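By written order: A, B, C, D, E, F, G, H, I, J, K and L. Residues from 1 in each chain.
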Amino acid sequence: MTATVLVLNGPNLNLLGTREPEIYGSDTLETIEAACQKRAKGLGLAVEFRQTNNEGELVDWVQEARTDYQALIVNAGAYTHTSVALLDALLATNIPIIEVHISNIHQRDEFRQQSYVSKAAEGMICGLGGIGYELALEALAHRLGTIKEA
Amino acid sequence: MTATVLVLNGPNLNLLGTREPEIYGSDTLETIEAACQKRAKGLGLAVEFRQTNNEGELVDWVQEARTDYQALIVNAGAYTHTSVALLDALLATNIPIIEVHISNIHQRDEFRQQSYVSKAAEGMICGLGGIGYELALEALAHRLGTIKEA
Amino acid sequence: MTATVLVLNGPNLNLLGTREPEIYGSDTLETIEAACQKRAKGLGLAVEFRQTNNEGELVDWVQEARTDYQALIVNAGAYTHTSVALLDALLATNIPIIEVHISNIHQRDEFRQQSYVSKAAEGMICGLGGIGYELALEALAHRLGTIKEA
Amino acid sequence: MTATVLVLNGPNLNLLGTREPEIYGSDTLETIEAACQKRAKGLGLAVEFRQTNNEGELVDWVQEARTDYQALIVNAGAYTHTSVALLDALLATNIPIIEVHISNIHQRDEFRQQSYVSKAAEGMICGLGGIGYELALEALAHRLGTIKEA
Amino acid sequence: MTATVLVLNGPNLNLLGTREPEIYGSDTLETIEAACQKRAKGLGLAVEFRQTNNEGELVDWVQEARTDYQALIVNAGAYTHTSVALLDALLATNIPIIEVHISNIHQRDEFRQQSYVSKAAEGMICGLGGIGYELALEALAHRLGTIKEA
Amino acid sequence: MTATVLVLNGPNLNLLGTREPEIYGSDTLETIEAACQKRAKGLGLAVEFRQTNNEGELVDWVQEARTDYQALIVNAGAYTHTSVALLDALLATNIPIIEVHISNIHQRDEFRQQSYVSKAAEGMICGLGGIGYELALEALAHRLGTIKEA
Amino acid sequence: MTATVLVLNGPNLNLLGTREPEIYGSDTLETIEAACQKRAKGLGLAVEFRQTNNEGELVDWVQEARTDYQALIVNAGAYTHTSVALLDALLATNIPIIEVHISNIHQRDEFRQQSYVSKAAEGMICGLGGIGYELALEALAHRLGTIKEA
Amino acid sequence: MTATVLVLNGPNLNLLGTREPEIYGSDTLETIEAACQKRAKGLGLAVEFRQTNNEGELVDWVQEARTDYQALIVNAGAYTHTSVALLDALLATNIPIIEVHISNIHQRDEFRQQSYVSKAAEGMICGLGGIGYELALEALAHRLGTIKEA
Amino acid sequence: MTATVLVLNGPNLNLLGTREPEIYGSDTLETIEAACQKRAKGLGLAVEFRQTNNEGELVDWVQEARTDYQALIVNAGAYTHTSVALLDALLATNIPIIEVHISNIHQRDEFRQQSYVSKAAEGMICGLGGIGYELALEALAHRLGTIKEA
Amino acid sequence: MTATVLVLNGPNLNLLGTREPEIYGSDTLETIEAACQKRAKGLGLAVEFRQTNNEGELVDWVQEARTDYQALIVNAGAYTHTSVALLDALLATNIPIIEVHISNIHQRDEFRQQSYVSKAAEGMICGLGGIGYELALEALAHRLGTIKEA
Amino acid sequence: MTATVLVLNGPNLNLLGTREPEIYGSDTLETIEAACQKRAKGLGLAVEFRQTNNEGELVDWVQEARTDYQALIVNAGAYTHTSVALLDALLATNIPIIEVHISNIHQRDEFRQQSYVSKAAEGMICGLGGIGYELALEALAHRLGTIKEA
Amino acid sequence: MTATVLVLNGPNLNLLGTREPEIYGSDTLETIEAACQKRAKGLGLAVEFRQTNNEGELVDWVQEARTDYQALIVNAGAYTHTSVALLDALLATNIPIIEVHISNIHQRDEFRQQSYVSKAAEGMICGLGGIGYELALEALAHRLGTIKEA
């Protein structure tokens, strides 16, 4: 049976590729999703991508993932740094979670260096651009056992 | 005339009973609402329960309470700790407000020990589980004069 | 068998009703005790009230409660914010503890917003005036099983 | 061609004139909008006013302004102090932004003295009441060149 | 009768136009004064401009304004961030005060983000360049009633 | 009628004159009391001196002063820096209070520079040695009107 | 031989009696000086009063006192909290220094609770109004031996 | 001549052996005293054990030790972290002081990691259980010269 | 030509697999190196693994990498949090650097949440166990262009 | 069988006896080792002393102790306060560890009051000079059962 | 052509040699100036020395240096730590600036360890006494090219 | 007899001239050493230069300097900010120490603005590039009396 990974993207990530490209690169969210869909197949996974600017909707989606998905990749954008509500929703799930950021948050404003998502996620990949999502998929495939360790 | 108390519940409280029961207990929000409805009758009060994961919707509801309800019980979940918008809405009401929390927030993460709601509420009941809502109702009944002090 | 709740009151609570009534209201400690005695009967509980201005005596009483009482209600007044000795005594008991404050400590001086008692108590009721003691009694009755949940 | 300024108002600003008038004055948002519409004409500008209690909707509107408006006036209310998501959206625009507040935020609670909007806005006008919006319009007219400096 | 606004400028503002123009723009203090004189006439106000590098002289001038002027515009330059003496002088006046800064102080060094002047001024205009002085004049005209609201 | 000033001395002040004389000088508490008794007569005051090492007893004495004395001089020793209970008792009195310290607490350990007593006292005299008590008496005589201003 | 005490008053103290009388009382600096002159005679002291709004002038005067006066009373007003230059000048003198404040600085804004003058003065008298200056004179008379201890 | 060591135990140490044994072990204070009495003999020392829950009594006992005992061992329990009064009493003695704690306070709550006793004691032994008292005795025997160094 | 990636491991990583396996898992550094060697071949890379407990040796190796290697993977263990010397060496290289941690450092002691390496590295992978090294290799392969993006 | 205790000494402890003797006393490390060797025999223990100025070497030695020694005494000198690498090595051992310091670190510079070693050691002995090592040996003998409790 | 270096000395430096000689040494400002004049000749420089206790005058002189001098040596005394106005004036110059202090400010009170001058100066020489001025002259001579590097 | 100055250089200073030349300039350590050797001769001094990346080796060398050299110049690179071990070694010497930095550390990252070396050094020269070493030599020559003051 195929496991499905829900990939959640937070506020302003719909602007990826056009917004501050010197920080976030020129890949769009669509390009990244396409690369993930391709990679997922080889890993025995299905992938579903979503984006919202609304904190409450992110919380709703995480609650949905508790019962309907097998793993989560979360790039919560700015809510990473401010949303305890998102943290609570993540803590209420029992599925594996990996946090992804396009840029290296440890090199940015001090208020961007703290992550509530990190308190609930197994691991973090940041600063590697769009490919970070693909690497997270591979890590989840190992974690879910859909591929064997090399 | 019957006074109506609006009981607002914030993010993830719809998961009550299933999420981290060692912290939040096994009562669901439905069980709590039922107990409150029963208790309210004896206190000369009507009760209306709502829950949302969305900060803006909580603000809308508090604004609605300014004119259409006689008192508020607020368990804002994670927004307790982060929402100045909710605080402003509460400050704009003139009706009595009691803050309720299922768990004792003073024993949890440091960021959960600070409450914006407390700056606007008359009092707080926390750590007593679902029965805290009922006790808040009784306190409001005294406050609104729908029952006489024993 | 009747369970007995020991209700401990800390420094200056003997002045209740005469001291800063705009903060603490006009109920005296005697009034509150009388209301609690009445309420306790309906809840299947006995109640004993004490007050002291002396930190060491509070510690002595809590140690006494470990073996001779079934539950504690603690309004430690100013020692709430400064007494690690009291906290240690409370941590050494295995009976249920509820913390009560007449005023909402979260709205007062910053040094009054921190409570050592909260680190040992199951829950807190504050800002509801003298009725907070009665509500604490009801919560303890549920906790001790002397009444059935409504 | 007429440049259009989008004026965004955050949570609880719909209550302006009725809420805490000793802080916020008695002008309603409608009164302010009317004065701005009138002033804008003399400045060669069009104006569009919006208000929402929802952080995500504010972010959506700022994203819309990137391409469809020539300037932004932002009174983000309480989100001023908490919304990194709003800051990110503002940083992603290239149009001039002026931050407005009815009250002087530097004289209020410490948590109201910090502004995420300020990190993206060219300037701030605060504490001058509803007329602050009009003055912001004039500053934008100079900035956009729709009027000549006197 | 014409009301007179005293416009006080603190240290280094005599260098305006030549010092760090990427921060402070190319307007000189003379240019700004000329624009203000012109604008003041239309607003029914008289204007007097002064500049000093000396904290004590600023204090003297503010004391003079208590009795001899009808309003104050204060751009205290660096003394904004360090002078409690200036704050005390401003608190001792009963006339309206508006604080002006050429640059947006909220985007600069942390020690430039705190303002003692703000504790005494009704409002602040910053980051709008020299035109900020003119806008402050208009706000004062409304405040003093020398013009009618549009 | 003679007004009586209660002079309260906290922990370790019974050692005055023998303990760390380079900080506290060589006057004993008895010497100071004798000088005060003499001075009081000329000021139309009676004086009563007490000393205790016990925080709770200090609180008891302050409560007693509420009704039975006309003014308080308080040198609370180490409880100055730690006793919120003492502060609460002082806040509950309506009589004039002056805080006295033998040494200049502003030049000592950081934890000795903060005073809870100062939050309730009208004024403080410190660093002047035993004569500080006498000066406090004179200030109280003016305050109570037992002598006329020179 | 008569010892002379130099009494230095800092910024805005020339407004005493007219500025914020609810904080600073209604005595003017002239009234206080007159009372001091009268008291000084009985104490075997001469007194010279000065006031300036200028930090540098205060420093000059303290330097002058090193060689030409026998003691200093310093009420540095707002420079109390900000002037390291004044502290350095005081540290360079070997004559006794007493710090005086009209109001109790420990009950005011946090930035008014720290005093650089305290690091150099033997003692402080605050919160007792104008009479504080007189009491400081008496303490200096004892210190300089111009009167004998009573 | 035999030197006598006074061993002072603070609040809740009377519960040793029954209270939180996973932290404090199962030795009672009586067991520890017995072992110390035995050890003391071999070291040429006498030992006297006391325990109190009262801060003021601890201060009294330390004052007594100044003149009547040759050394102090102090386990002040919770007052370790909060009692400046105890510190002052200890500073007023000239006899050697060793601080003992049953548990390693450096691994516990942050507020338990700070010790006022340490500011007056020559050394500290902690985390070694009841045997820490015996080791402190031996160190004092060396310090007082009742035994020769091995 | 094959690019060579130098993989540097800091203190205690030689204990991997035997030390605190509930935090660090059961993979040894040898197992991880073997997996990396295998993966590297498919990516067109060579890999060299080193480990040391010595901060200075880590600095030497990074200096060596400046000229002799094409990329760096750094798991500096505890030196991550304390070594500015390592940071300086990394800043002096111009080759791509990825930081790897076995555990999620954002969920550990506060002093482990700060990383000096992050100030110089392009990105971080943490909390994914040994596979994090492999994913870092793939990211470097993309970065160095030894494989084409899928 | 004899258990062997490894005694590790960090940087500058080779200077003991010559360096700042007013802080560290006049015992050399050789004297202390000799006393320990003698004491160890009576306790059924063997002892091995080492000293290094190199943090990495300390880490190597602790790793060696994991398998080859039965207990550790650690006086890490300045690395006590800075070395997370040493802490990690200590955490990776399962043998008893006692921390020793010649001086009372709680009375020294603030940066010397924090100890990473304390997070891994069972207990600490400090401020007792060289005899602290001997007392640690005795505590370990009890802990390892090579002697019976007296 | 000879370049001229303006040497500015802040408050209390006129007391050099007489004030706290254990900190500041026994050289007077005149001695230092004489040595500098002599040294300057050999370096192809002219030197002008000034001293003031007035912050505003320091600002005036720095503004003068912008156009009339080729380099600045600044020992701002206490204004080093408090004067943002001085910093702004220095930032407005384009000539080389070297900061000099007689004592090592890094070893003094915490408030003396922070320097606003350092934010504008190329370098700092401190703790070397009066000779620091001469060394600064030599550094400026290299910087201005009036002598060739040896 | 010729005095010898040991010049110690910490981590990464071997890269001087090639690493971040916009911060550190283009001089290599060899160039600086050559200039120092030349200058030393004229000053009656000998000079020995060393560099290491290893903290422990720096400590060893400082210990060596205690007995075998007459003065120290220390540029500890990154260990300046982190090494208490180095500080302890410096404190254990009785010879004059001058701290040198190529760049102005007061203008760099906050963690680079704190120096442990400064707590032991007589003075600091920073921000003047390689010539700072030469100026330190001259200061030491004065200090050691190998040249006479000009």
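The working rule: contacts are C-beta pairs under 8 Å (C-beta built on N, C-alpha and C of every residue); 3 or more make two chains touch, one makes a residue touch a chain.
Everything numeric here is computed off the predicted structure, so don't read it as measured data.
The minimal number of chain-to-chain contact steps leading from chain B to chain I is 2.
Between A-B and K-L, more C-beta contact pairs join the chains of K-L.
When the contact pairs of G-K are matched by residue number against K-L, C-H or H-J, over half are shared only with C-H.
In terms of their C-alpha centroids, the spacing between chain B and chain E amounts to 47 Å. Chain H has its Cα centroid 33 Å from the Cα centroid of chain F.
The distance from the centre of chain B to the centre of chain L, each centre being the mean of the chain's C-alpha atoms, comes to 65 Å. Residue numbers of chain L whose C-beta contacts span two or more other chains: 54-57, 82. All chain pairs in contact, by the document's touch criterion: A-B, A-D, A-I, B-C, B-D, C-F, C-H, D-E, E-G, E-K, F-G, F-H, G-K, H-J, I-J, I-L, J-L, K-L. By the touch criterion given at the top, residues 35, 38-39, 98, 104, 106-107, 115, 118-119, 121-128, 131-132, 134-135, 138-139, 142, 149-150 of chain C touch chain B in their complex. Residues of chain A that touch chain D in their complex: 10-12, 14-15, 18-20, 52-57, 77-79, 81-82, 111-112. Across the complex, chain E is touched by residues 54-57, 59-60, 63, 82-85, 87-89, 91-92 of chain K.
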